[in-house]
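Each of the next two complexes has chain A plus one more chain, namely chain B in the first and chain C in the second.
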Partner chain A sequence: MTAPAAGAPLVLPVGQYLGALVPAAGAAVRGHRVRVGEQVHLLADGPEFEVWSLAHGVPRLAGLLPHDSAQLVRLARAIDPAEVERLLAGLAGRGLVALVDPADPAGFAGRHRWYSLLGGLGQQESGNCGLGLVGSPPVREVSPRVYEFWSLAPLFADLSAAAGFLAEAAGADPDPEPAETDPDRVLTDVVGWLHDLLCVSAGWLDVRLDAGSAR
Partner chain B sequence: MVALLPLGNSPEDPHAWALGLPGQPLVHVEDTVHEVVVLGHLDADLWTTVQQVATSSGPSGAAPEPRTLLGRVLDALPTLLSVGAVHLDRAVPRTVAQ
Partner chain C sequence: MTVPRPALGPGVLAVGWCAELGPDSASVLAGHTVRVLDAGQSRVWAAAHGSPLHPEGSPWTPSDVARAVGQPADAVLGELAELGLVVGVDPADPGPAAERLTLLPLAEGWGNTPQEPTVFRYGLGGTELVRLPRVLYDAVSLAARWPDLRTACHGLATLARSAGVPTPQAHDGEQLLRWLVGALPRLCSASVVALHPAGEV
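Coming up: the complex of A and B.
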């Protein structure tokens, strides 16, 4: 992944998309529901939802360019840049977007966790691993390390714990790669992988539910 | 646990909730079954989610009895599983690292 410009936080969407909400037959879409933790938010149909959607990244760019606010402004061409920034700030204030310093993701990673969507299609001819629907071509191919994260991270309470497990597992390899056994470096990798998965709805970020608040 | 993206309902049939890929609905389920599907990951087992949804469906009086709702979920499962909209796992705490 290309290193972001200094001082440019990554823009990461938070919440489980629950779809468009139509209140009654023949009615217009009232908004889009997104659940964060135990709270369901309604995003206005239009620029607000568009900005939240674009925070997931786009498949042709994910993993190639840093997904910071400048990138998001470029993608949201139909919306005035100042309005994009205003909407981003509002979404961040509601916990629907996280602005993350890629060089210091520990705080974010300790407060957020990962849930996966789609099916795992295993290793493909490319050597990468497929995600998608069984019996169909992959929706996206990701590296084996990203695939391992996608398959295991839902088991952990937060991203830091998931990264720690991946680092420990890598250390058990007969010939471990040092960078893959350092939890801090793995966590940096994990944060860099998220848009690779988010851009095709292969999962979502949610807040960490502490034991006391879990249902 | 849900495995496809919830896409919401539509003006044509507001009681049918779609799951699929972005812009590509693959299966529809009714309101309360949909709630169980999209909330299932929060609980340690399916029965707990069914009970939660049955007791929190709002004051409209439309909330089914838990066993009735469980029956609807079980009826929907073959279709949901066949398109990869959900997956089942053992009833153990999903979070192994607190």
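Coming up: the complex of A and C.
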């Protein structure tokens, strides 16, 4: 993956999408519900929802280009760039997107956790691992390391803890790769993998349990 | 001394989420625990999810599981129950089981449309997986906000009453719970939701 544009933060969507809400037959979409922690937010249909949707990335680009705010402006061609920036700032203010410095993701990672969607379909002929519905072809193939994150991250309270576990597990390998045993480097990798998963609804980001749970 | 296992049923529910499916095994994550199942166990565990065509409210029984795998399944269901990957449930009185469970969606919540405002859908990509009334859709989408399914249904019923939701079944927590649990064989088998131990998601 190429480096993000200088100064451009990675854009990561936060929240579980609960779908469009139409109040009555023939009426316009009232908005789109997104749950973050214990709060359900309503995103306006149109540019606001489009920007939040695009923050998930697009399958043809995920893993190849950094999904930063500059990239999002390019993808949201129908929306004025200044409006995209304004919408992003508003979404970030409501906790619906995180703007993350890829060189310093620790703060974001300590405040957010991962929930997986879909099912794990195991290793495919390509050597990569499939994600999708059991009994159907994979909707996406990801590298074994991304797959390991996807399958185990729901066990952990936040992304930092998940990255720490992956680093520790890699250290137990007989011939460990140094980059895979350093928790900080693994965390940078994890943050770089998220769009690979988010772009096909293979999971969602939420605030960490004790930061937003009803419990 | 061998302690006889209590009989499962009348219905069974599969607990956990398929983190990795291999040719001869499956890794299942249930709450904070990962279990690796052999081929026989993973077939029975998969069959314990139910069927998309199963009538709502009717229990998905050990006999249904045996029919789905084409052989007796009681022994393997017992093993899975000991691993916490299958629980027994009575859809007419689901409270005791529901207090030990919660659920998370596995697919995309699509909401409703101007053409069908009373139909809320879950799907994946372009494929619709299930159509639900709003009350059940919200229960599926939001249950994990509460510590367990029974508490969730009571919390959702309180919200429905205060919001004046025009569906009487939504106003009573126990009635809503029976409705939700009765739909689980359809929802779990369609990969719309996975059940987890309460307090572990």
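The rule we apply is simple: the second predicted complex is superposed on the first by the 209 of 215 C-alpha atoms of A that agree within 3 Å, B and C clash if a C-alpha of one lies under 4 Å from a C-alpha of the other, contacts with A are read in each partner's own complex, and residues count from 1 in each chain.
Note that a residue touches a chain if its C-beta (ideal position, glycine included) is under 8 Å from a C-beta of that chain, and two chains touch if they have at least 3 such contacts.
Here the structure is a predicted model, which means the values were calculated and not measured.
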Could you check whether chain B and chain C clash or fit when both are placed on chain A?
clash
Quick one: classify A:Gly122 as touching chain B (first), chain C (second), both or neither.
second
Looking at A:Ala157, would you say it contacts chain B, chain C, both, or neither? Reply first, second, both or neither.
first
Please indicate which partner A:Gly46 is in contact with in the superposed arrangement: first for chain B, second for chain C, both, or neither.
neither
First (chain B), second (chain C), both or neither touched by A:Phe165:
first
Under the stated touch criterion, which partner chain does A:Ser201 make contact with: chain B (first), chain C (second), both, or neither?
both
Quick one: classify A:Leu21 as touching chain B (first), chain C (second), both or neither.
both
The shared contact residues of chain A with chain B and chain C are 16-29, 32-33, 35, 38, 115-119, 133-134, 139, 154-155, 200-201, 214-215
Which part of chain A faces chain B closely enough to touch in the complex?
16-29, 32-33, 35, 38, 115-119, 133-134, 139, 154-157, 161-162, 164-165, 200-201, 209, 211, 214-215
Chain B residues within the chain A interface of the complex:
1-14, 17-18, 21-22, 26, 38, 41-43, 48, 52, 83-84, 87, 94-98
Under the touch definition given earlier, write down the residues of chain A that touch chain C in their complex.
16-29, 32-33, 35, 38, 40, 115-123, 129, 132-134, 139, 147, 151-152, 154-155, 200-201, 213-215
What residues on chain C touch chain A, complex-wise?
17-23, 27, 29, 32, 34, 46, 104-115, 117, 120-121, 124-125, 129, 137, 141-142, 145-147, 191, 199, 201
